[in-house]
Amino acid sequence: MANVIAAIDALTEIILANKEKLTELDAAIGDADHGINMARGFEAVHAKLATAGSDDIGGVLKMSGMTLISTVGGAAGPLYGTAFIRMAAAAQGKTTIDTETAEAMFEAAIGGIKERGKAVRGEKTMLDALEPAYEAFSQGMAEGEDLLRCLELATDAAGKGVEYTKTIIATKGRASYLGERSLGHQDAGATSTYLMLAALTAFAKKYSREA
Amino acid sequence: MANVIAAIDALTEIILANKEKLTELDAAIGDADHGINMARGFEAVHAKLATAGSDDIGGVLKMSGMTLISTVGGAAGPLYGTAFIRMAAAAQGKTTIDTETAEAMFEAAIGGIKERGKAVRGEKTMLDALEPAYEAFSQGMAEGEDLLRCLELATDAAGKGVEYTKTIIATKGRASYLGERSLGHQDAGATSTYLMLAALTAFAKKYSREA
Amino acid sequence: MKKLINNAEQVVEEMLQGAVLAHPQYVKRVEGFNVLVRANSPVQGKVALVSGGGSGHEPSHAGYVGRGMLDGAVAGAVFTSPTPDQVYEAVKAVDGGKGVLLVIKNYTGDIMNFEMATEMAEADGIKVAKVVVNDDVAVENSTWTTGRRGIAGTVFVHKIAGAKAETGADLAEVQKTAEKVIANVRSMGMALSPCIVPAAGKPSFTLAENEAEIGMGIHGEPGTHRETVRPADETAEHLVNKILADMSLDAGDEAAVMINGLGGTPLMELYVINRKVAAMLAERNIKIAKTYIGNYMTSLEMAGFSVTVLKLDSELKELLFAQADTPALVQF
Amino acid sequence: MKKLINNAEQVVEEMLQGAVLAHPQYVKRVEGFNVLVRANSPVQGKVALVSGGGSGHEPSHAGYVGRGMLDGAVAGAVFTSPTPDQVYEAVKAVDGGKGVLLVIKNYTGDIMNFEMATEMAEADGIKVAKVVVNDDVAVENSTWTTGRRGIAGTVFVHKIAGAKAETGADLAEVQKTAEKVIANVRSMGMALSPCIVPAAGKPSFTLAENEAEIGMGIHGEPGTHRETVRPADETAEHLVNKILADMSLDAGDEAAVMINGLGGTPLMELYVINRKVAAMLAERNIKIAKTYIGNYMTSLEMAGFSVTVLKLDSELKELLFAQADTPALVQF
């Protein structure tokens, strides 16, 4: 359990470290709050988990999701919050996360985000990082890679997805109002997704070394 | 008659040429409108005299004063307007202005300004240019100087008065709210008074050469 | 960043405290939440209206809480949609048994958060309906975007649907009236200067000394294009033409107009703009039944304005002219 | 200079046209003059109130023309006292036979121009009385100045003397009430940024990125001193302390408060300021009967605010709470 909490703390850390960067990305084609919102949310999650730890992975994820929903606001709050709650459901009753569980959680998260946000890949949103990441993860699994390697593949794919968002016009979220003017800019939400995957991968690497 | 109108046009010219400078002086310790106000007023006077010339010096001056009162606004409008109207009374019925008439006009103008503005010399106002100018004019007269020379003396004295305003604290007008902070700054109204005297002197000089 | 604040993190909290202290006759706080509701909430026997959104648009939305307009307003972080739990608290606090209409501006975040709140309230058995305001014609209507943004036209929705609710109409009727306003209201804005989100500490964009951003939203997000600042009349003309091109307002029709300041623009300039807007409508023989001019839906300290035109029929006109008594809009 | 205007020379004229177009139910123009009077002027059987001053303080003063407040407002050039002939026209247009009270802010220019107008009107047999508002405590009261400036407290004079006039009181009584307001009202302001007189085209002073000007007037004229921008609470504290030191407001007394924006400051920040102001009065056990918060007496696009405190007795309170129906202040 401590590990899930530590993993989420790793997310908090990377979000706080990139608060300004995410806000700047959002300023260019949005409303300059993505980093601020995410930081507020993860600080709240961190505080919550510090005082009221839950007894299973599902519980921790659900509590985190609920906290994100009630503290982040904007578009990212419901989307990431829903993702966490869906991941909680997928991890229900688990005490460790194996590759299969991770894949199921990944899939659940994407499903939640798509349902809430009514977006598909290619609209310059977090999905442009998350979906390729998921696909790379699945393919890695199919090729028999371990969880850490699958996560590395996912993170790489998310990073490419972030780059890809620069090349497309936004058709969902606030940047969509800009039309052509959104070209050349990197999506803030895709970036935060990438950063969290990277942090998770780094955490898994460190953890697997320690274990 | 044409000469009085031409003289007033000379005032208009110098005010318009110094519109920005007077406004800047007023910006430092006032409200940044003296040049704008005076320019608006003298443009109106010019237009008025161009269409409705009067038949004596008094009439021209009175019309000018009334126009200044109804177009300048602020502190300078009533003060200069009153000065012109008082000068009109002093020049009533005259067709040329000799030194005695000029002195009477000068005195009347100062009386009007003091009555309206309830200020005395030394309060960092137009009076700090006008009163020394009047005294120099009178002294020149007492010493037997001609009108042009008296005007030259008056203008010199007004110039010194302008310099003097830099050394004193304002106790009347908008600059008085600044207290000590008004020190070192030159009074806008004293400056416009000096400029008009200078223009009048230049006009008299040109006129006396032409005559 | 020069602001009259104490702390960027606390600015919404302190603003809400200051608002309750300023307007105790109108509003009270829902303890523990960033929600202001009418001092006498819940009002029984009347559909309640709840609106909200990110902060920074003051007096929107708490300024419109009072008789004849809203029952509750939810304040998110600056320019950030409020969270579902906050909206849910507002709904619970104002429901007088006839249900609650949510007035939402068309932003992804607002819609998702208000929808989640709706799910929560409905689970409690509260009747909830919603309308989505999308009056901004700056953004071309196309299948490529999430639709148009909601901006100052929202205030007309508050006013008219609020008046309808006071008549005792039921939830479906109030919703229908709100939708009629939305169908008939169009806006467009522009900015001369950006604004600074307190927590960000710097402007979200910069404009050169002679540049204007046309088609601005109200969150400091960029507009449709930039241009050299033009005379007020030309600017007004551009906006009004875009607005009129998008609505069927014919000679003889009646309209309400709002000249909305974005926060940093003096009323003097709004009057200069109104002169041209009124002239353009008069030319087209469109009667202006009522003009609202001032800061209604702002964007912090941004200099700029928006124009809103609402086409009136007899129902909308009567409700627009109905009494209102709120901190920011009082009408006999 | 970035402004929504067409032409610096025409800005007052165009503003007045825009105002009449926006508020035909409230005001009409005295043809050929920069004077707006009530749409139903002259109102018979009632003392009339006329105020005015330089333009650039909108909604002052034309925004307060209407039932319960002013009868006429005279607009000078930007920040420049109006000329006597303009004031005279206003007086003639509003006199309903019971005389006219002139509400003048304490500036040399205003006083001289209004006095000359008084002489003109009296020559016509119109009864004219005047009061001079001097609420700004920033400028130390001393024999060395022309006295204190009149700033936002003027709006309380309009409101209360206007309400008194509606009761049918005679000219001397209305004047006496106005003087009571003046005796009991104190204000002080500060600015975060300067403003630009359109015809001047550049700011009348400049402030560094971290500087504030304390004790600002409302004409872009410098204040009493400069300092590094402080947190809102400290700034509010400084102003309120100066105000309270100058009035005898004791525990148990009642007061009205105005948190006035200078034109470029968002309402959000005014609420943050109000939070502190209200707390300071509460600490001293002074009851706030009513708070006005918003842009009442502005200085073009200047960022900053002023605080006004008015000590109430039962007469002033009743008149403050009386109805008003004007473009900028409506009160049930």
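In order of appearance the chains are A, B, C and D, and numbering begins at 1 in each one.
The rule is simple: a contact is a pair of C-beta atoms (placed from the backbone, for glycine too) under 8 Å apart; a residue touches a chain by one contact, two chains touch by 3 or more.
All figures in this text were calculated on a predicted structure; none of them were measured in a lab.
Chains touching chain A and chain D alike, please list them.
Expected: C.
What is the chain whose Cα centroid lies farthest from the Cα centroid of chain C?
Using the mean of the C-alpha atoms as each chain's centre, the farthest one from chain C is B.
Once you find the CA centre of chain A and the CA centre of chain B, what distance in Å lies between them?
76
At what distance in angstrom does the C-alpha mean of chain C lie from that of chain A?
Their C-alpha centroids are separated by 32 Å.
If you average the CA atoms of chain B and of chain C, how far apart do the two points sit, in angstrom?
54
Report the inter-centroid distance (CA atoms only) between chain C and chain D in whole Å.
28
At least two partner chains per residue is the criterion; list those residues in chain B.
none
Is the chain-to-chain touch network here best called a line, a ring, a star, complete, or other?
Topology of touching chains reads as a line.
For each chain, which other chains does it touch, given as pairs?
Chain pairs that touch: A-C, B-D, C-D.
Which bits of chain A are touching chain C when the two form their complex?
23, 27, 29-33, 36-37, 40, 69-79, 116-117, 169, 171-174, 176-179, 181
List the residues on chain D that touch chain C in their complex, please.
2-7, 11, 14-19, 21-23, 55-56, 58-59, 63, 192-193, 209-210, 212, 229, 231-233, 235, 259, 263-275, 278-279, 288, 291, 293-295, 298, 300-301, 303, 305, 325, 328, 330-332
Can you check the complex and tell me which residues of chain C touch chain A?
My answer: residues 54, 76-86, 107-109, 112-113, 116, 138-140, 144-146, 149, 197, 199-200, 204-205, 217, 219-222, 224-225.
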